[in-house]
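Please find the structures below.
Paired with chain B in one complex and with chain C in the other, chain A is shared by the two complexes that follow.
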Partner chain A sequence: MIEVHNLTTGYGKNTALWNIDFSIPLPSFIGIIGPNGSGKSTLLKTMLGERKPLTGHITLFGQPIAQVKNRLAYVPQLNSVDWNFPVQVLDVVLMGRFKTNSWGPFYSKEDKEKAKEYLNAVGMLDFQKRQIGELSGGQRQRVFLARALAREADVLLLDEPLAGVDAASGERILNVLSHYQQQGHSIIMVHHDLLTAASLFDHLILLQTRLVAAGPSPKVFNLENLQTAYGTDVSILSDLINKLGQSPNTFTNASSQ
Partner chain B sequence: MISEQAIWIVAGCMVAALTLSIAGIPAYLRRDALIGDALSHSIFPGVVLSVWLFGAGNSVALYITGTGMGAMALLLIHYIQQKTIIPKDGAIGIILIVFFSAGLLMMGQLQRSGIPLWGVQHVLLGKAATILPSDVAFLIGLFSLSAALFFVFQKWIWLQAFDPKFAQLSGIPLRPYSIAISLWTAFVLTATVHILGAILSAAMLLTPSAIGHFIRPKPSSFIRIALLSCLISAIGAGFVSATLPAMSTGALMVIMLFGIAAPIFLFYPKKGIAMKSWARQQESNRWKEENALKFMFNSPSSILPIEHHKAAKRCSKMGLAVEAEPLHWNLTPEGKTKAERIVRKHRLWETYLHQQLSISKDRVHENAEWIEHLLDDEFEDRIAAELKHPKLDPHASPIPPKNA
Partner chain C sequence: MSLLIVLTALMFMVQAALGGSILVLRRSVMLTDAMAHSVLPGLVIGYLISGSRSGPEVLLFAGISSFLAAFLIEKLSQFGGVWFEVSTGFVFTSLFAFGILLVTALGGNIDLDPDCILYGELLYVPFRYSTSATWYDLLPIPMWNQIWVGLAWIWFALSKWKQLKCWAFDEDFSRATQIPVAGLRRWTLGLTSMTIVVGFDAFGAILVLGFFILPASTAWLLAKKWGSMLSIAAIQGFLSVGIGYAMAFQFDLEPGPCMVCISGLLFGIVAVVQHIRNPQSGFRPTH
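Then we have the complex of A and B:
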């Protein structure tokens, strides 16, 4: 269970999130959606403990976030690191195996095997000796995903993992995520593509600085909620209406994807 | 003849430089290299203070006041960064100058009150000629400790520098870790100042890592190259210092390191700035030569326009064309084969754009003018196959066959 109580965050006088309150059972595949500037990334960063809330708190598995950090893994946005950094692909994934209580200077044999296993899962094992700067955007994202998977955490958090990623990488990433979720892990992901949101996630959090709705996808993903969040932006909503008209089953088979 | 003292000087320079480069790697990786400059400047008032209070020969006092001043500067930089909108480099610039000025003022005060200052001058500019065997022994200890710390904490160093947010999530306490690294850097700098000089030792923190990173972005070779380049400059600087004691050792070492770095940054294959610019020039020449050959192929009896003259002369040196009579150029058999390939690529691409992408035939020429220089053999064959080996382009000009 992830519970968010009366959460308000902001920079100075600008509120990024206002009085957010919901709870969603785990394990599930949760999408955070909403228009630009609606606080999607801020909510994710607060869940990670990177941003401190002004009021309210978040609990995960019944405990404050700070006490369960070791059960979280995170895939950041690609622009957050220096890609000229002197490090190879396998070393990046090994970072996912870092534990503060293992004091040796090297990663263990088991860690290396695990790292290779997850590199293989994202289809990047052949690139293990490459310098990370030599990879394309989609390949970098897959390496970051492998690093997060290597933590073998209960909850995986991702900030728009499909942004700036080629179609083949995107598909691979979604496959790996659904496989990971089927093993009983939870995924919380910021997503901006409304057309795929309903079929991808079993639970949705729809934001517009305030919480518009949170819960099972079929209950959240309706035109009334979307209109509240996105205003009456005709192009988005008409696209959606078309999409919904074409595949009425989008809602019902959400979690079986 | 190499005297015993010269050997001690060279050894001292080597160990000091190695220690600094190792201590500098975490800062360089964290893109925090300027912190070395801030520290080396802020150590200076600490050194003056130690000479003032405890006399020139007291190493322990020097380490304590030097590291203490360094730590104070770091705290102030951190405070300014947290509490104001001034960014880190701004905070470093301000604090560095304030501490250095304070040191200079204290030194002036000491001079007026007649306290002997010979230790302080060396701290400013560095003088390895004054090195004692006990100093070398101490430096070896310091180097061993630095290398051991680096070895044991290498996972931490790489993880924290690459992605601090991920490191925090993995349980690395960022603030204590940062403070520990900065304090260690301050201590190493203090311990090496009287050999290399306060201002110049900061360069040894940063430059070897930069050379290593430039040449080999892979971690292990990056460190090896960094340490090797710093060793070479240290040996050179040590020998010059031993023979010419009036020279500043730090300045010698920095200039020697730059003497290693500059040619590498300029001429290293594929990465050097001059090599890259040369490769661009070569590429541009190739385009011009191909255009000249194409002109001779398409208009065999015409006068060669002025813009092709330089390229045509290069072609004649390569045996691709000859100037039969003034301004009239003919292709040699090799030149003809080469020109046909370029024309083939041009016309194939026009056909491809026209047939597959339905672009009107009066719009395809411009794009083909670029692609003819870029299309490699594999894509040329695949496009030809895709189009079922056409004989004519959209303008009804013949497409030369590949093996003509």
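Then we have the complex of A and C:
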């Protein structure tokens, strides 16, 4: 269970999220959606323990976040790093194998095998010796996903992993995430694409600097909630809901529209 | 004598290669400039307490002063809401000006020449021995200083290798992975302070900056791996020391500036060659 109680948080003096309250059972595939500036990434970073709440708190598996950080793995946004950094693909994935008590420059044979296993899972094993900056956006995101998987954590938190990613990489990422969830793990993911949100996630958190709705996707993803969050013209949202009602919306279908 | 000068410079290069590489990759290498200038007030206070220009008190206070500058710059930009460049300019110029005021106010009572601090005195290194009548007298004091700080850097880089690489590449992921980012930053800046302190003694505050930036930047143009970046930076530094000293000896010039000029020349040659090989991608051929 992830429980968020009366959470207000932000960056320094700037409050980005107000009075958030919800609880969602785990394991789940949870999507955080909302318009730009609605506080999606802020909520994710607070769940990670990177932002301290101004008020309220978050518990995961019944414990404060600080005590379960080793059960979390994080996939940051692609623009958060310098891609000219002198590091090869396998070394990036090995970063996921870091243990707080590890010492010295070398990783164990087991760590290297695990890293290759997860690189293979995202279809990037053949690129293991490449410098990270030589990869395309989609390939970089797959490497970041492999690094997070290499943590072998219970909960995977991703910040817009499909943004700027080609369709093939996007499909691969979703397949890997689906497999990960089937193994009993949880995924919490910031997502911006409304076309795919309802079908992708079993639970949704809809934000607009405050909580609009949180819970099972069918209950959250309705015209009234979307209108409250996005403030968009009713007809556009009606069209969207109708479109989603008419066709099974896989990622591939949605991205080709 | 020449051997002692070259060895001192080589040991300094190991430190500058490690520290410079981390700071170049963290995009905060100009912090060393601010830190180098900020040693002055600590130097004067240390001198006033110990009465000596090379005693441990001087190194300690100069190190504290330099570290304090880095700390203030970071905190001002973090919590004060001012740009990093503004807080850098504010802190180091204030500390440097305060140091000059201290030196000039004390006038003839202090044998501390700001020129020596800015430009160093590498040629005097072989003449500054301890008189403790112990094994410590075997090498000049500046060499011992380089050895201790160099060993501290090597210990830090080897023991924290994985954390440093992860932090330098991706700070957000490092925090989420429970890598002690604040501790790594403090250690890096603390050791950088010590390198600057033992370095300005020989090279002066201005040239120290060149040794932090140029070898690491050359390595950045060539390296595809973290380990090779550190190695290339060290090799570039060693070449600069060797060729620079030979040049100084041949033409009767100051060795420190010759070494920095060679280091800059090596950077320029690598940059031009890389650009000719990959005209589309600037100086670094990755995209």
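Quick notes
Just so we're on the same page, the second predicted complex is superposed on the first by the 233 of 257 C-alpha atoms of A that agree within 3 Å, B and C clash if a C-alpha of one lies under 4 Å from a C-alpha of the other, contacts with A are read in each partner's own complex, and residues count from 1 in each chain.
One rule holds in what follows: contacts are C-beta pairs under 8 Å (C-beta built on N, C-alpha and C of every residue); 3 or more make two chains touch, one makes a residue touch a chain.
Quick caveat: nothing in here was measured; it's all calculated off a predicted structure.
In the three-chain model built by superposing on chain A, chain B clashes with chain C. With both structures placed on the common chain, the touch criterion links A:Glu117 to neither chain B nor chain C.
Within the superposed three-chain model, A:Lys69 lies in touch with chain B and with chain C [touch as defined at top]. In the superposed pair of complexes, A:Glu3 makes contact with neither chain B nor chain C.
Judged by the touch definition given at the top, the superposed model places A:Arg147 against both chain B and chain C. Legend: residue contacts after superposition of the two complexes on their common chain; A:Glu50 is shown touching both chain B and chain C.
Comparing the two interfaces of chain A, the one with chain B and the one with chain C have residues 48, 50, 69-70, 72-74, 76, 80-82, 84-88, 91-92, 95-96, 98, 100, 103, 105, 107, 131, 133, 147, 151 in common. Chain contact summary for the complex, chain C toward chain A: residues 25, 27, 79, 81, 158-159, 161-163, 165-166, 168-170, 172-173, 175-179, 219-220, 223-229, 284, 286-287. Considering their complex, residues 48, 50, 69-70, 72-74, 76, 80-82, 84-88, 91-92, 95-96, 98-100, 103, 105-107, 131, 133, 147, 151 of chain A touch chain B.
Those residues of chain B lying in contact with chain A across their complex are 29, 31, 151-155, 158-159, 161-163, 165-172, 212-213, 216-219, 222.
Across the complex, chain C is touched by residues 12, 48-50, 69-70, 72-74, 76, 80-88, 91-92, 94-96, 98, 100, 102-105, 107, 131, 133-134, 147, 151, 157 of chain A.
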